[in-house]
């Protein structure tokens, strides 16, 4: 975990608002205003070279949107994205090729991310072709074979179609495609959440190996805290389009500050906690079209007060070394609440 | 919902304009009405005079403007052939066509839906396969051939049903109905079978496909898991959920049945709008033709609108107040 | 994952698709029938005993002969002759040629236009989509048969006179295509909107592929399944629409008859005992349409993985 | 709260799919018992046969699937060969089921109340009003606030978590003795997941129903189940008390499975991984289905299929324990 | 006993107003309700009707003595005022019927039962015209604001279109357009009924097959027309038979006499201007074969442009020489077209008996002498539009000479050089000064013998010139149930006041 000082990827004040207004006519007649869904609402982020930065958060908090913004599939509403200092803010995916070649993506769904009508070799070779990286078909074949073996498959598998492979194998093919253009930076949007745990282990191990061997930098997205814990050097916890807590992974896990982070850590089912009755969290994830004023988490937060309801907290350095956006943390209101600390030793079984 | 209706209305205007344009364009190409209005021995002079009288020698934009102006008020002038206001002619024929189409639609639904349900529930049964193939024949035989064969069998050979016309009709205000007399009902049988046969197949296949789709859904599995009776599952849940697409298609088909009625009415001399239209075509009776086109388009638009509104009735997800808690 | 994989052909033969085809006897027969009719139509100039369109060879003396096996039949005319002395068998062969041509060509044009519109609408959305879909709504808001009737009426009238003879076919094709492209467009648009968001498309965008390239190389192959099904059904429909238009007098001329025209003309002889003039073309039409429909049916099921 | 005699006995149950290439055995001679009030977790990879086991018990197998052998006894009576109508009476009345996706489990066109009343009236001899009353009670019981207001809402007016509660209420309509819950929380957010599991557990405690909880989330099992069955390739590899299976897995597969779960607090740089993937139904290896991937495989693994042997408080199907345990 | 006759025709009557259209089937049917001053009997002879007698006061003034004691169906007495109002109505500028009254200058009432018809010039066939001009009740028209026929331009409906008040043998009981029109016998008819009908139920049935089916199934007693190919079947069925006779209508092929053809490979010449070419085309047509096969022996081949009952007909000229393709080919070669040429050929497909079939057969016969005719068969409204626009090379027309029933009709409309009032049906531009001269004389010649001679002469000239190819008089075939006694009249108008039902 050798983090250099200069980040490979950085985002400043990144925003993405989706226009989800009803059609013009409805707005006219029903006098409804335009509606904007703030999927990402002001995100500052730096990812040091050679590290894994993970984003966690509940469904719909904007993780995938960040991923797509980074690779250029969405144009940001505001803010900037830089890669090695080059501004990519308004460049679409694939442009400029010299830089986009160096950032690729692994998708969540191993079934949807491979074109069912294409042979595996063509799928893997597509980036090579598009970025014009290899002179002829023979060297392309060789490269595809090499990549397949790199991800633990047989070089002959290139002649088959995706449906002939299991989910785990498909995800390996996705990875082979993603690394075929020799990227430095990989965005992984829940790459294992569609897979079984045993296959997940294979893929996570593979990703770690590849990172070591190829010096990759990951933006890793997941809602599974255990997986994130396993993979990351740095972690950002998102809630409703904003980062509420960020810092080195170990610190965040060892000493979560933000109430939401604590809640997340508390609610993950844990095999070490047999027959535990988890305290269910009250409330539901609020609607991003109409987020609560002030701190978006306040309706579910046991520590919220008047300030939380009105004033948006900034990300501030917390005593733990992480940065937290929470008034309660900043004010030190937050004693040891009903949140669970990470046990250092497995708890004893009840008999 | 209001926005929805307004959108549909705008669309309807679009459709009607397009149709008006087509109808007007037809004026120029259906033949010269003057020739069929005058006796053979009429002189060239007479013909020119009549042409001028009908306004056929005016510039085309003027003619179009007049046409649209009249159409907007529902006025299409006087039939060249029958010398009666076209609106009267249409009103006179409308009941016949509508009764025919609704009888055919009813026939199609009463046959098609049960057959579709049956074939969906017994997907691999012999009877199902047979029904499937027989129904295909239903859409493979041109309707005019079916019509003639029906006449041959049921009128000429068996002498059971009349071969033409509407039988005795009863006047209810401006509406003339054949539904209240025995001979009217008997007369309705063959034409509505001919017109509905195609739709039977269509609806049966649609219901079957949708039903199969619905039967695979989780909520049907869950309904079974709750121990509901097959009846409740198939007819309470599955059938109800197949209704949406059936409504759409049935609605669209109702419109095309009005158009297809042209053929049925020709074969059975059913005194409806289709027959009026076909006669008008052969006499180049332009006012009647254009009124027919516009009316069919209007009916179509109205049916589509009703279908869309039915959605709001059938599917609670669409209705207003579908607020999420 | 053995190295000596079976040949691709063997794999194909072993696939569920081919299996379901081979298992369905009805489909097999239907395919056989369709192929034979198509072949017979294609080879009509060589296999037809007479050239029914060469008016110089027609003789009224041969008119209204019953089929060869019936009393008074002439072995030269297997299925008998019509009122002009035209060999019914040859007329059917040539007539299927025209019917099939109308079917195939109109389906082809409708398919190309519909798929193109669907892809563009579905992929780009926005204003283009809105415009195309409103046009489609208008088209859908009017019964096919009427549109076809009107279009053929207008086009016929608008075309210069000398083109009429040859135009009949083109007019029919145009009239049918213009009323059926909407189905393709709608279907393709729907699937394109789904595919557009699929991750494999995103992956292609990541490497900078152009929209055109994504549409054609990635999306098109994935939306063609339902299109094929519609195409078969529409092939049958087109042949029938042509026949129906013939009945209304705007089909192919009797000098160049399609199956529909043959039936229309023959229809007038139904009561007069000259049954062969109407029965044989009708049978051919019904069998052809039925066979094509059966194939479409099977294709629909075979391409629907959920129905396995 | 153990009673004498198991509520459910499954003996050598097989589920077979008849395909054109011959029958495929998706569930292969599995046996287990379930006592009243007990929660049995069933875990295993996707395709291991977990759902089919549940489906077979509820008698909802659809063609081309069928029960290929063995027997299922419910309260001592065989139910695998019951005529459909009798089985239907059992379903919902004595055996409830909950499926994975609350979004699709409810008919979108009917109000929640109507679906509840319909189910209640199918099984209990209640009038419309009484049934509605019971429906309201059920909704309250599963934690839906203001049930009398919500009962006439349509499913789309509920959130995912609420819908799953409704589904649970539907499954519990007639106080079934056995509830089969097939991945009831997979489609839900972690925070909601906890709520649902809590509801489920509470209801079982109060109604005394036994539960078969199908999932592939080991965490859920560990927290919820009394006993766990680990399935692999249609067979039960190991079954035993949850604590034992999770903490001290005996079967090499269970061991691998547990090892591959990342756990917060362990600083391992690499997860234990089982090489290869689960075989397809078409080519399940002879002998022990797991042997090609097994780190402890022996020569005879490929030859003999190991039968479940009692090991500790549970049973393990592995040659390592054929000798009668370690 | 009450006798009902249920009949069907291929087209419905257009309207009840006899001055609103000139369709011959409608005019024929309306003759049961309305009557003219004179009428044709079933031998197509002019006989007195509402006028008991008439005389030429001078060559341009005819005096009609009206029948006494006639009443309209509503009971109004029939008087000279009705005649004056009716003739004025028919001759009004807005009336399409005025073309059927070309020579009338005015009508004058002399006394209550006498009127004078003033002509523009001498008109030998004015009575023939008048058979078609029906008399309406003035009082009734007055009351219903129907003194003029409906004016399409003004978009105003006319009461007479849907209602009737005539003097005829039958009275309108009810009418559902396109479905059923019911007439009942008029008990107060001035004439002695020869029919025994109490009721006529008329239904239009457009589809031939359906019409025959309805006859065969016993739903109808009488249908017009019966398609030729079905005659055998009808005669073969128990209880039905076909009644036939020749029609007045002569079917012919007209030519384009312009300098170029419209649809041809030749762009600089019109072979049809050459008499030899026209002769060749005529000779190539084997009418005997067509008569036997297409017309099933029912038609009457014609060498002349008019049928035998028409004054001016000359049996000597009517001979049609047998087909001779070889000679035809030789003539073509002589004219400079040894390989033939291409030419447009227009036909209606819904106007005459087997029109399209005849054209197909002719096309085949011409093909054998090398003339490639591009046959364009289409619906009548489009066919006649094209023909009258003068854009057709060879076209089919049929001419029955009605309502004149006189060869002058053919001479003036078809053969006379085209001008405002003459040659309306001479779009090809045929012009023969001799024929023009004869035609102009015939128009005013009152001596019947001289007139007839001149007409025969003109027709002979046209024949020699092959100005128009005459093909045949088409057959009329009606079908009846047994027990219906009716005579086929050559003008294709059933006269049911002669019909009896057993």
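We call the chains A, B, C, D and E, going by the order they appear; numbering starts again at 1 in every chain.
Basically, a contact is a pair of C-beta atoms (placed from the backbone, for glycine too) under 8 Å apart; a residue touches a chain by one contact, two chains touch by 3 or more.
The model shown is predicted, which means the values in this text are computed figures rather than measured ones.
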Contact-graph separation of chain A and chain E, given in steps at minimum: 2
Centroid comparison with chain A (C-alpha atoms), farthest chain: E
Pair joined by more contacting C-beta pairs (A-C or B-C): B-C
Gap in Å, rounded to a whole number, between the CA centres of chain E and chain D: 90
Cα-centroid distance, chain B relative to chain D, in whole angstrom: 53
Chain C-chain E separation of Cα centroids, rounded to whole Å: 45
Length of the line joining the C-alpha centres of chain B and chain E, rounded to whole Å: 38
Multi-partner residues of chain C (at least 2 other chains): 267, 270
Residues within chain E bordering two or more other chains: 209, 213, 216, 350, 379
Touching two or more other chains - residues of chain A: none
Residues of chain B touching chain D in the complex: 217-219, 221-230, 232, 236-237, 240-241, 314-317, 322-325
Complex contact set, residues of chain B against chain C: 11, 14-15, 18-19, 22, 25-26, 28-30, 129, 132-133, 136-137, 139-145, 148, 152, 212-213, 216, 252, 255-256, 258-260, 262-263, 266, 278, 281, 293, 296-297, 300-301, 304
Chain C to chain E touching residues, read off their complex: 54-56, 58-61, 63-64, 83-85, 161-162, 164-165, 249, 253-255, 267-274
Chain A-facing residues of chain B, complex: 2-4, 6-7
Partner chain B, residues of chain E touching it in the complex: 8, 11-12, 14-15, 17, 20-23, 93-94, 96-100, 102, 149-150, 152-153, 155-158, 161-162, 176-180, 203-207, 209-211, 213-214, 216-219, 350, 379-385, 388-389, 399, 403-404, 409, 412-413, 418-425
